Every structure is written in structure tokens, then in C-alpha cells.
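Chain lettering (A, B, C and D) follows the sequence in which the chains are written, and residue indices restart at 1 in each chain.
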């Protein structure tokens, strides 16, 4: 089976292989220049900070639908341990086991392949069990700080939360951009709000997981035209799920990660940010969202913060 | 056994219990006001970003000296898995097990207790195996972004790396501050560089672990006077180890975390930052260092970035 | 709150503290003498072996009802890795994270306490985060091989599976023993079959978990009279759940583990054994069921086998 | 690179592919018939039981030499937790992360491949990250109970412990068999003692790991002739390490697991058994050694017990 022609055509148009050299492992993050960061810092006006990460806990967003992607198991290895004898300072120490893509995370560029290829044309076989991603592992990303723009699609449509069958396409993005009052620029990180995470926050993980609104097959080209550095949203699947085109599974993953070399973020809690942005009447900010640098990671947890 | 009088005296002077209310769980992070953050953003001039986190990997800084604090074990749960059938987009997925304080991390306020008390006088018994820290868990910290100041003690002393027996005291801090050319202010995050992490970077974990230079028993009072929000350094033990006063183990931990309610960071790689600061001739910057919000965590990994 | 008088009275009657010395850590396993084992070996007639363990897998019996008791997560750390160069022998290597009591397991004697006491009167506080059970850890059990007797309560009652509200009491045990045609003796390991595990085997974990038939508050005294070495059954909760006496939670755990010092096994698959025993017309056999010797373990997985 | 001719010749002679059908996944374990087990049970005379497993703990045999094969990390998820309210029965619960081949274990048949093939000619590619070994996973072994024979090579040679350069070959096995006073038969499990584990028991893990005596390239043919069901020894590497023939790494693994389809056990503590056998003047016994049935496992921990 091969992916349909429509997909192939889009793929060709958004492809960034070789754009930053054949050995490049960070893709569109190259678009975050020092200048972009200076501008991003200048976007800070009130100094308010809005956290976008979910707490990491056993009662997380995973339902077992994605095999092996386990919610964080927090365990203790020391509790009030007086290592140096009775009456001395006592320590607490903990350990965790979790899926790297289980909670609020970035998909690394090596998270998916298609046709046997990763970003920049590297063989899918460079991902192995004894080292993870040898190419484009998440640790190759030194930092991720840029201007963030919230495209609050739900609010722009006057909805609390998009329907599970809603594919967020170029018109949605454009409408939200217009509401945002700022043009998305090269190096920006775009946060797309669907409101879907309300299901999880209300305790209904199943409803959160599936069916889910999310990015449309036609969204990547919009991001490509604006030269966005990365995109994150507030869903488990990132793109609409089940997909718009029958049997075309995960096309957005393939376009973003493989063709464009653009990081994707999932399970970002954009509810608070939506309130603050509406309140302050602006939708851009400094975004700090450096993934935890797991060597060979095909994804990583992140604790993103918007600074307004 | 009780801790010596000298310790008790300092403890009394730096104590912040009740300062932000009896229910406060974040201590000196309260000092990071919106105004502080605005000033921090204004510190960005060149837009250069310097990552301060070590890669998270099996070959990490832990040697087994601290029981249960295991280096990250990265494993794969899916490699080029064509979930939806042959020829479809293929996914890679990974999982990790690690000590929360194993790599570049923040000690949470609940990481240590003394005399049966945590920060703000809460009973040490609020830390349990089935939920970790019920009080002052690391997830209570919504964000951690402020002005960072590098106190490059090694450089200020004209040394590559401090001796293993060097306790970094108020004079060292003052000298480095003078070299930095900026006064440490309320809400700042101070990064203290000893150069000790060079041992680990050169492949010698044992030398990195012990003996180690680090903060002196007399440093917390200096931080208290300046109303610092948090302190991190480039050692495994944070404070000098073995300690300056015989049998007075981990006094700085007790003063910082329990008495002051001030976060401590360890295993931060400050080598690159030292170069950049020296090059740019300034030692302050925007620091983004939000800990991963593990529910009940007594510490958490962090991927800090200095934005200059 | 204290446990009710009826419980206290039974507790007094079945108590074994001091019976094998004040320092004893294995309780009724002391009843498995060399002679008992010789007799057990003599029970082997056909040579048939029936495994009683469930496969250890992510799709295991845990539903999240018991916090922190996670199903096994199997991950790979090497796949076809040619460590010594291309064309050399290639290796596969795996790792697992799991709750020690998540699958087919033994509860160790330190699994529960009541009134601040473990088996043999030891303080509950001897269980810590930095070493687990210092007293009566599961690793103290050198081996567990004895005669096994299947008390097939469901079959004896002519039922496929006991109702969820059925508490297995002395009469049930006696009737099953009569059907078994052998008297339960000192040092025997008794396997009590309710049929409840059929729910899990049929894919319904929720029905398996709760409500569940299981041992009655009045069963331990029966086991005590016979001087049984250990008891296992085919349920998640071991004892009837919810309990027979309102607000008297886990009395059987307390009686077996704390008072008697008798190991309990859960999630044992007794379906195949029931068939074979009925077919062969006998219900005793050699049972091998040594727990994995986790140092400090308050329980451990086991791969039990009945040899007929 | 291909493996040398000598290896290929032996491989041809010991090959069991197809012997138990093309779909067979347990290899020489097929040799353990009911009759073999009856005879094994008849070998029990004194009723003494000797455990052969090492305690599972952080301070285990792994040194980091084998990447990803981590010693067991035991953690607590509940300590004296009164789930149902104050004064109720309190529970302790634990979790573990470990390499399946980290401690006393069986290598499953899918543990190694050569020339792209596993046992019975199956493709090496049947081992994946999302399910482990689809063919010949360790869970396919329903039970492992048979007659055990200790071939105490060290004792037969009058040595406490073999030299690190000693390859245990057919003559050694024959001499130990003669001392054992019983002929190794079809379906037996052979335990080969080198004494190497004394290093670990004395606290020297490095000396235990390497260099190590172990089975010779010429041993598998001896086992093949006797139609042994499985072989275990008291070393980390099973076979002599570094190998006898330069650049021929892990030939015994390839012959045993791939060609013969014969399980291998490592890190078995045979010190106590050696004493008991010498004392009782006999070297055969009932051996119970069923691996923990991890679905897809390419190996598994085991708690073996010899019953004499």
C-alpha cells in the first residue's frame, strides 16, 4: 500500500529535506534565530506566566488505547531517610516510569516515518531499541524558546469546544489568526486550541481520546507557508481522529515530522491561556518549551510556559 | 542527636515560615512577581540561548552512591510500527525509568526535612509512598521563569575548576557578583559555577561525585539577604561534600529547602554559559527553568535555558 | 477506630507470633518440613504439569482500582543488536516495570499491618521506601515447594463460578476437601478455586475485580486448624470484596499475614488445574511456587506449577 | 562477515529445526515428557530444598557492561496505607523496574539470532519493540520442571573456582558426570558449576563479569548428544568470555538458542547446591525452574529450586 496521491502532492510542496543541510536534525527549529528570540522577549508586557503542562501522574490522559504509552508511575525510593544517622537531615527521593509521549509532550522528528524514511531522508532503521533515535533524537534540540501565538480556533468560532469531527483547516487557522490580531511569522510556535482537553479536565479520558477534533490534512501547508517553527495543540492525537480521508491514517504526523521536519506538541492545556489572552486582548507571548533532552528520544515531556 | 547551635542560629535568621501564609507551598518563588519577569525579559539582548541541562541517558551522573537514584533507562515500546497496516505511517514510541533527582533537576521543597518538619512547619510525614509529597510537591510550582544571574565563582577566582575542598561562601558570591557587574535582586535565580561538572563531561563520574566543592553553610544567609528565588549549581551534591563542619551533613539543604523554602538545582551544566557570559561581558539573562510537574514529586528534571 | 471484637477474638485464636521464635520471618512456611516435601514428591503420579500463572503483560488484571499496582510494561533495550560487529551473533534484550503484586503473586508477610504491627509483632515502621520490608521481606523465603491441594469450591457446589457475593467459609472448604478425597495436612498449600478468574480470561477485567467472591472472615481459622503453609486463590482481592462485615475491610489479609504469618496468593489461574484434577479424580499434587526473591519485597510474582 | 566454518559445521550437527514441527516454539523442552517428570520426582529422597536464585536487588550482578540490562530497582507505591480509613488494615505495595536478563534468569530462545534467523528458522525480525518476541517468547514455556543434574566441574577438577580462561568442554562435562555418578539423560536439566559466582558473592562484580570461565564452543554438541532439555551455569556470560576463538563472539549462545532451541540459564548460584550434593553424595534432584511468563519476553527471571 502507498499513501494516496493527494498526500504525495502536499508532501512534495511542504518538503524541507536538505533545506538546512543534509545532516540537519532539528528542521524548522532552525527558523528560530536570535532575532526571532529578541522579538519574542519584546512580546512580554505584563509579565504574567501561564503554564501549559498537565501534571504528570498515574491518573493521566492515557487510556491504554496507544499500547506501551503508560501514564507516569511515581514511586518513592526514600522517605524521611536519615542517611547519616538519627537526628540528621532526612531526605525524600522518588523515581518514575512513563511513556515519553504519555503526557504534555513534543513528538520528536524521529517519532514517525513513512515509506521507510524519516525527516531529511534518513532511513527509518536508524531508530533502534538500544539507543532510540540515532538521527534527530530529541536531545539534539538544544533549546526551544520563541514567540508563541495562540490560534484559539474554538473561541474564534464562538464555541467552547470543537466537535469531535471537526478538522482544523487553513480557514480555521486564518480566522483565529485574524482574531489574534497578529500575523504568524517565521520562527513562531503556533498553539492551536480546540478545547478538546476539557474532556480530560472534567474526568472523561475516553471522550478526550476519541473521537477528537484536530489538525486537518490541509493544515501543514498553511504552517509551511508561514514558516512556523513548531505547532502544539490540546488533543491526544494532534490531528483529527479518526482521519478525514478514509484509511489515510496520521497524514499530518507524516507531513509535519517527516516532510517538514516540524515538531508537534500534544496534550497541551490551553484553557488558562485562552482566558488570559482573551482578557488581555492579545494572543502572542514569549513561549518557553524546551523538551527534556532524552538521548535517542523520539519524543519528550515538556513543561511549557507562556510569558505574557 | 540534634543539629548544632550554629546551624540553629542561622536557621532562625533565614527562616521564611509563614512569610507567604501558612498554606504556602512554593516559598521564595513567591518573589518572582510579574514585575520581576518583565525586567527579566528586558534582560534579553542578543537572543542567544544557552541550554543548561545534561542529556538524560543511562550514562548519566549517578554512580550508585545515592541509593535508588537511577540514571535514565530509555527503552522502546514501538519501532517503525505500522499500526494501521502495511505501508501506513509508522511510529516510534519510547518509555523511561529514572530517578527524579538523577540528572539536571530541581530539589522540591519536600526533598528534605529536619527535626520532623518540612518547609512552613509541615510534618515530614506528609510525604508518603502512595502520593509522594502531599505538601509542597513539585507540581505546585506553576512555572519558573525569572532573571538569572551567573555567579561564576571559578572564573572570578581565576580557576578552571574549584578544588574539591572549596566551600563557596559569602565572599566568593560577592566577588563573583562584582565580576558579574549586576547586583543580585529579589526574585533572581542565581547560578553558581564551580566547574566541578567538567569531571563528568570528561568521563570521570567518580571524581564528579565526591569530593565536591559546593555551597557553604554560610551561603544561605547571603541568598536570604538578597531574597533570591532559587539557586542552582554544577555539582551532584549542591553543597560542599563532605561537609565543612564534621558530622553536620546537608546543612545547606536544610537551610534552603526547609527554613527558607528555596528551591535548589543540581547537575546544571554551566560550562557553556560561562563562556558566553564572559564573551558578552554580562552575567544576567532570562532564565526559563520550569520543573516537570510530577504530582507529589520531591524533585523533578528540568531543561533550563538561559536566554541572553 | 479499632477492629471489631469478633475480629479480635479470631485473631487471638489463630495467632502464631513467637511460635517459631521471635525472629522468625517466614511463618507457616516453617511447616514445610523435609518430610512434607518427600510426601509431596510422592504425590506425583502421571508427571503432568499444569501452569497456574497468568502471562505477565500490559493487558493484565489490573484496572487502576489499586493505585500504583501497574500491569507489566514490557520494553525492549536491544533488538537484533550485533554488539560485536556486522554479521556477528545478534542479541535481543528487554526490561520491565511492574507492580510486584500486579499479576499472579504471593503477598509477602509484610504486605499488611494492623494496629501498627506486622507478623510476629514487629513494628509496621520496619517497612520503608529505601529498602522495602526490612523484616519478613519476600526474599527471606528460600523456596516454596510442598504438597498442593486444590479445594475446588465452585465445582463442589456444582457451579461454574461462584457469585460475587459468595464468601468462601469453613463449610465450603470442608465440602471441597471431601470432594478432593484427601485431608488437608500440616505444611500443605491450599488452592481455593472460585472460578472468578473466568471473567478476566473472557476479557472482562472490571467484572473480575469487583465484586468478587473470596475467602470469608471465618476461613483463616479453618486453615489454622489444619496448619496449612499457604493459601492461594483465583481472585484479585483474595477475600470476598466488598467484605461480609460492613466496614471491616481486609480482615482475612490481617488474619493470614499478620496473625498467622501465612502467605496468600492471588490471581492464580486454577481453571486448567480444575479440569485436570476432575479428569484424574484426585486433587493433590506437588506444587512448586517459589516467589521471585526481591529484596525487601512485600510481595512477588510467582510462576506456580502443579505436578500431578 | 560470516561465522567461521568450524562453527557452521557444529551448527549443522546440533541443529534441531523442524524436529518438533515447524511451528514449535520451545525446542528441547519438548524432551521433558511426563515420564521424565515422574522419574524426576522419584529422585527426591531427603526432601531438602536448595534455592539457586540470587536476591533481586539494586546491588545485583550487572555492572553496566551490558547496556540497558539494569539491576532491579525496587520502589514503594504504598507504605502502611490505611486505604479504608484510620485504624483499618494498612497495606504496603511495591513496584520494580529491571532487565529481564539482569539477575538469575533463563535466556529465551528468541534472545539471540544469527544470519537473520532465530530458532526453527524464523526471521529475526519477528522480535519487535511493540510486543517483544512474537515467536518463541518466554511465555510460550508453560512450565519447567524436570530432573536436574549438577555437573560440578570445579569440584571434579579439585578447584574452588575455575580460572577466568577456562573453557568448559566435553572432557570437563564427562569428568563431572562421572563424579556425579549418574548419566545425563534426555530431558534432564544440566547445571554446570564453575564457582565464578563466588566473585559476586564476595562483593567483586567486576571480577565476576569479566574475564569469566564458561561453556566452550565444543560443549553444545555434548549436550546435544545427551538430548539435554536446558543448561544453566553460575556465570554472567554463560560461555567463556572473552571467547576461545578470536572474534567468534557468543558461539555457544548461537548454537544453544538458535540451532538447538535449548534454553540457557545464567547467574545461578550453585554454591549451596555444590555443598549439599557433595554431602549427600549424589548430584541429581528434582529441579523446578519455570521462568516468569512475560509475554514476548526474550528472557525472564526465575527462582529455581533443587529438591533433593
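Going forward, a contact is a pair of C-beta atoms (placed from the backbone, for glycine too) under 8 Å apart; a residue touches a chain by one contact, two chains touch by 3 or more.
In this text the structure is predicted, and so the values were computed from the model without any measurement.
*Asks:* Do the two copies chain A and chain B share over half of their interface residue numbers, or under half; same or different?
*Replies:* Same: when the shared numbers are divided by all numbers used, the fraction is over half.
*Asks:* A-D versus B-D: which interface comes out with more C-beta contact pairs?
*Replies:* Pair with more contacting C-beta pairs, A-D versus B-D: B-D.
*Asks:* Counting in whole Å, what is the centre-to-centre distance of chain B and chain D, each centre being its mean C-alpha position?
*Replies:* The computed centroid separation for chain B versus chain D comes out at 45 Å.
*Asks:* How many angstrom lie between the centres of chain A and chain B, each centre taken as the mean Cα position?
*Replies:* Each chain's C-alpha centroid was found; their separation is 26 Å.
*Asks:* For chain A, what residues touch not just one other chain but two or more?
*Replies:* 67-68, 70, 73, 75-79, 92-93, 95, 97, 128-130
*Asks:* If you connect every pair of chains that touch, what shape comes out? Choose line, ring, star, complete or other.
*Replies:* complete
*Asks:* Report the residues of chain B in contact with chain C in the complex, numbered from low to high.
*Replies:* 67-68, 73, 75-77, 79, 95, 97, 129-130
*Asks:* Inside the complex, what are the residues of chain B that reach chain A?
*Replies:* Those in contact with chain A are residues 1-3, 33-38, 41-42, 44-51, 53-57, 66-70, 72, 74-80, 83-101, 110-114, 124-125, 127-129, 132-133, 139, 142-145, 247, 249-251, 253-254, 286, 288, 290-299, 301-305, 307.
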